[in-house]
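Shared between the two complexes below is chain A, which has chain B as its partner in the first and chain C in the second.
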Partner chain A sequence: MTWLTNLPAWARWAGAAALGMLLLTIVQSVSGTELLTEEGTAQAMVRWSIPILLAGLGGLYSERAGIVNIGLEGMMILGTWFGAWGALNWGPWGGLLAGLVGGALGGLLHAIATVSFGVDQIISGVAINILAPGLTRYLSERVFSGEAGGSVSQSPRVDGFDSFTVPGLADGLGTIRDQDIFWISDMAGFARGLVAEMSFFTLFGLLMVPLSGWLLWKTKVGLRLRICGENPIAGESLGVNIYGHKYLGVIISGALSGLAGAFIVLELAGLYRGGQTTGRGFIGLAALVFGNWRAIGVLAGSLLFSYPFGLSLVDFNAESSGEATRAVLLVIAIALVGVAVWAFRANKRNDVILAGLIAAIALIWYLSTDTAASWLPNTMPYALVLIVLFFASQRLRGPRTAGLPYRKGET
Partner chain B sequence: MAPAIELIGITKRFPGVIANDNINLTVEEGEVHAICGENGAGKSTLMKILYGMQPADEGVMKVFGEEVTFGSPNDAIDRGIGMVHQHLMLADQMSVIENVILGSEPTKGGGIIDFDAAKAHLAEVGSAYGLTVDPDDMIDTLEIGERQRVEIIKVLYRGAKVLILDEPTAVLVPQEVEELFNNLRELKADGATIIFIDHKLQEVLEISDSITVIRRGKTIATVKASDVTAGDLAELMVGEELPSPATGDSTVTTDVALEVNGLTVLDDDERAVVDDVSLKVHRGEILGIAGIEGNGQSELINAIVGTWSANSGNVRMAGKDITTASVRDRREAGLGYVPQDRHREGLLLDAPLWENAALGHQTGAPYSKGFWIDRASSRDHTGTIRSEFDVRSPNVDVSARALSGGNQQKLIIGREMTAHPDVLIAAHPTRGIDVGAQADVWNQIRAARAEGLATLLISADLDELIGLSDTIVVMYHGKLVATLDPSEIDPRTLGSYMTGAALSDASATDPGPSELSGDPS
Partner chain C sequence: MTNPLLRRIGLALAAPVLAAVFALVISALVLELSGSDSIDTFRTIGSNGLKLETFVDTLNRATPLFLAGVAAAIGFRMNLFNIGVEGQYILAGFAAAVVGAELNAYALPGFVHTAAIIGTAMLVGAAWAGLSGLLKVTRGINEVISTIMLNFIATGGIVAALLPKVITDPTAANQGTDEIAERAWLPELNGLLEIVTREIGKGRRLTGVFLIAVIVGVIYHVVVNRTVFGYDLRSSGMNPFAAFAGGVPPKKMVFLAMVLSGLVAGLVGMPEILSENHAYDQGFIQGLGFGGIAIALLGRNSALGMTFAALLFGFLDSSSAVLQVQASASAEIVKIMQATFLLAAVVAYEFVSRIRQRDEVARASVATDVAVDSAAIGGASA
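Here is the complex of A and B:
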């Protein structure tokens, strides 16, 4: 199996995605739904994954700099309000920029508290999560409530970005999809969903993945930022400005969370509304852990966690009422049987029992119903996060000193 | 030619102590210069000053003849001085090359690291000094000796001509020490100047050209390694002082109160820090353990007290096996403990004295009644400790922080003694306290000894060890290497045992197998 670990990260994730598609295709053929690998599902998944992705990348910068940022959610909330406000005044690009700045201000607050004053990182993060909704409500009352369609908890409607379809590629994938070849056509159709009618903001979010990976692992500032999370004392002994790089990491973290908020406003909701982030900042943190504190891993985690939600958007409507979501239960059952077999071979008894148990529950559930309950898709991402982290977290390794206070000159 | 490093009259004061007192040091270019001294003698402070980590209060530093002042390590690096820290400064989850270039990364412009150029330079430095590492290895896959090599390369990569190595052999096994020495010889042959801090005399004599001995913050002497023996160095390091705290007549009985058999404790790297140690302490006996700090004494007492678990061997109290017993069970069975760091382990500094007195005895009278803490009785009993052990404080409700070090220590001694333990583990009981309090502590230990207390005494104060102990064992590299009679030994000889110097001497002249056995009984 060493050839597997020698593959580059993107190739391993691509392989995993192809296997996942195979699983979906097989389940689809036995449970009489076509939505699992639908183009629309893929499109919805990508769109809904961007806020999680941006928050997760935000967490990446912060934790790599040694600061746990549980305040991603609060910074995202700041991003939603500022995004709406910016978009009302200057259009979509204004919204994007204002959201970025709003989140970055939240990051700056977290950095001042944790880096300069040594406040416990969890406490500061929770404080920001509590502060942000209050602040945005106050600002809404001052700014939005006078305007048409605006109120203390809501902004007037705002315009989003134009969307575009990648020419050539989308047509090519469409042709393969229409050939109706098992697995291959399903993959092509699904992939077409990723490149068709994509918004500029979505593209912008996806581009953050290679950009972040490059910045953190190939540049001077990235290396210095990462030493803050691994061994700041070693960095200090070589003259690295630890405080400065920690500030940088946390502020970028806030800026990306703010972008996530702006995305929700501009692309998903079309307006600012109190409470619209619905815990995506925390799912972003989960994606960060799932992705082993790597940019591409965060992307994989975000897509995985937003799949059930994207599916539900096409699955709960006039023609369909949850057959496809029900089929996901079978996917989970099969995947967990796979985990159980792997755990059995690795001699991990507890994991075998746990995976087997959840697989059994999912299978029984699948067999005893015809359609999924409508609350299931909303719950599934969270349940999925828990299940994945149960089994994955043992072999994950985050930055060594993330969460620990650091004072210059103390060894 | 100007010397590589010249320090003139360096003085550094910390609150209450003078760490460096008018130190003079001259290191010639191209030599290996060792700096020797006991722990706390001021070696590390001096090196921190030379590396720009701390400013000196007084004195002049010259590097290759030029007078310098360093505000940060960067200034020292710019002058060609590099330091290999005792605790390696490496990020375990990064690659060798990332660790090496950090802080002075070659770039292609735009802040993009030029890894090819970095690797080329690394290979160049490596081959110039005969040090090889794979730049893409992750640090956590490397052996400790290889990691140290990365540290040395890290320093050379920055163009250092003077290398400071702070106790580099402390973490190495003998083969790795040999390899390190070969590397150092090669560095020297290529023109590097090396300052080598150590207190292991055999190693110092083997590797260095010149040796400067520091004692209590002062430079005692600078000698040529070829002109001295380990015994001479030991004398210089330890100095000659008169023992004072004599215990008087022996009260040693034949009842074994504490027995340790074949105890082995492994550290995180699976190395034996306590290596097959066996000892017996009888009722009425004080057994002293001598040794330079870091030779396994802390781990030994932790294993006896129960805060660390032993990997093999057993500990018995009055014949009963307590090897796997919890700390509380051990204490309730009559084990008293005076920890070596009273602030970290001995006291809750912000809690009142009576709560501190109850610590470790909180499960029974006089501090508690059933489930509840008995405040009245606790205060009352603490008042008794206060008067009997002369703990000077206004009342028993002030916080422990308000007390001087000596009074804090007397409170701890009182807390342990009033519980009437059968066995007392006393680690550095008089460290950092004034002379008066010191005499009080000695008196208390002596009085308890007369009543049949078995005491295991660990101390860096050789006079204290020789004066109080009925028997002294020497701990070196985790092993008990010698058993000595305190009435026949002076601090100088004891010091040479502790540094390992006398071991080879003794085995050559006067081996006496009984004297080298690990069992003092």
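Here is the complex of A and C:
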């Protein structure tokens, strides 16, 4: 199977996605729902994945530069407030830029504390996560509460970006979808959801993936930034400005998290509201780990983690609310059986038992209910993260010195 | 400062004092920039602080913060980041409230009822934290990630799923568990305080959990600093390889530290359950877990340091309520003060520890110089 490992990363992920679609199509035909591969589901999934994606990419820059960034969530919170404030004053582009700057300021703070002062990276991140909600609440009380529709915890409504449909491609995919061919039409319909009525901000977020991959792996700056995370002492001996590149990585990290916050405000909520990030920064971190500290992997992770939620948005608005989400349980069960088979071939007895056990629980849950409870989709991403890490954590490898302190001239 | 003892004491005090000054300056700046009178605001906070009722309120707020701080500190001592105190205490508080309400139906002595509630909370907290420990020990999953995920699963999943099932009165304004019978409530400690003070007014009642927090603090101090287990814990935190070489099993220590951390985390919600609401409802206090992490960081994981930190944060929280009423400035300024203080303090600690290290190196080099000199003199005279 060497040809499989020789494929480029995007091709492997695309193959995995196609297999995933096959699984969804099969489950769909068994459990009598049509929402699993519905266009709207795909659309919701992509929309809701962008904050996770941007935060995850933020984490990528920071950890590749050797700085663990737990403060992604806090920087995202800064992004929400600044995004709303910018959008109120200068429209959506102003919101995007202001969110970016607000997050970058949070990143700068993290960089000063961890790089210049050598504060423990987790501690600084936690402190930023405590600072950000307090600061934004204070700022809203000062700025938003005087305006119509605003209050201490909420901004007036803001406008988002326009959306567009990729011409030709969307029609073509629509034609294939209408052919009603098993699997192929489902894939086309799903893919159509990805290219139809896409907001410019969503496109902007998705473009960050190839851009980040190129910047980090194909440019000099990227190489220097990555050596900060792998072996800063070796980099130092080659004359690389380690502190400077660490600063760069962490500030970009903050800027991307800020963008994530601005996206939530502009595209998902239409206003700033206290606590609206709901831990997406942390899921971004999990997507980073899931994606093995690669840009395309982060994309895969954020799509996977936002799928249950995107589905639930469509599902709980539909007539048979909760049916499709219930079907996801069957998907998980089948996927885990796959894991068990793989573990059996790799001779990992414990993994077989555990995967089988969780699969059995998911299956029993599926069989014993008619619809899923509304809390299930909100919990699924987190449980999914744990399950994925549980079976794959030993195959993942992050930057070697991420999290460790580094002082110039000390070995 | 040539006197080494004075210098050491000065350095120990320098960090928190510097951080406090920095935090005050920053908050004053923020206040002035946003058009409030900073002097007036600080005066309001200060004059309020002199009232006995504020003192009681401060103790009430400091109690759960201190407990959460101890829970986080047990992990920190081992270089374990238990970010999950939040989820642990909320899940524990919920379970304790359910068990407490269920036990209403049985004829039990009050203290048994109370003990059952506290025991449930501690066990649930320990189990939830232990799960993270298990994941780390068996699968190498970073506890930061797993505790964060378990936070969300606990609050958004388990509690959200089970709370509707235990609500008996769906028309009540605040949906929650049934109230726990009065026999299980912890007694208020006003009497204890009034021995030395005047009568406490404004309906303020010092929570009985305060005593539990004191006991936990003492046990924490003794166990960490005066027992073999505490020594093992600290040494595996500082250098796991050296500790392993010295016969301390690292995996067992990780698991135990997580379980103990969760055990204490379970107590964090007890003031709500045993002194204030006597039930778990949708208004159950949140955010104490992250507050506890702040307390542990500020107090440098020492029982005494965390006591001061919890009192300070408790006092600031209490001032926030007063500012809200008087409306001279945004109550949110308090949150900014706390967070700036925390950030400034961790930076200052790091700074001071580096000066200490330099002192140490200087002392060591002086000592070796002397040794080398005397050896040279000895060689010359021989």
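Throughout what follows, the second predicted complex is superposed on the first by the 410 of 411 C-alpha atoms of A that agree within 3 Å, B and C clash if a C-alpha of one lies under 4 Å from a C-alpha of the other, contacts with A are read in each partner's own complex, and residues count from 1 in each chain.
Note that a residue touches a chain if its C-beta (ideal position, glycine included) is under 8 Å from a C-beta of that chain, and two chains touch if they have at least 3 such contacts.
Values in this document were obtained by computation on a predicted structure and should not be read as measured data.
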{"item": "Contacts of A:118 with chain B and chain C, given as first, second, both or neither", "value": "second"}
{"item": "First, second, both or neither for A:226, with chain B first and chain C second", "value": "first"}
{"item": "Which partner, chain B or chain C, touches more chain A residues", "value": "C"}
{"item": "Partner chain in contact with A:218 - chain B first, chain C second, else both or neither", "value": "first"}
{"item": "Contacts of A:393 with chain B and chain C, given as first, second, both or neither", "value": "second"}
{"item": "Partner chain(s) touched by A:285 [first = chain B, second = chain C, both, neither]", "value": "second"}
{"item": "Contacts of A:141 with chain B and chain C, given as first, second, both or neither", "value": "second"}
{"item": "Chain B versus chain C as contact partner of A:385, first or second or both or neither", "value": "second"}
{"item": "Partner chain in contact with A:235 - chain B first, chain C second, else both or neither", "value": "first"}
{"item": "Residues on chain A engaged by chain B in the complex (per definition of touch)", "value": "218-221, 223-224, 226-227, 230-231, 233-235, 237-240, 397, 399-400, 411"}
{"item": "Touching residues (chain side chain A, partner chain C) in the complex", "value": "70, 109, 113, 117-120, 122-124, 126-131, 133-135, 137-138, 141-142, 152, 279, 282, 285-286, 289, 373, 375-376, 378-379, 382-383, 385-386, 389-390, 393-394"}
{"item": "Chain A contact footprint on chain C (complex, rising order)", "value": "30, 34-35, 81, 83, 135, 139-142, 144-146, 148-153, 156-157, 160-161, 290-291, 293-294, 297, 330, 332-336, 338-340, 342-343, 346-347, 350-351, 354"}
{"item": "Contact set on chain B toward chain A in their complex", "value": "72-74, 77, 83, 85, 87, 89-94, 98-99, 101-105, 107, 110-113, 154"}
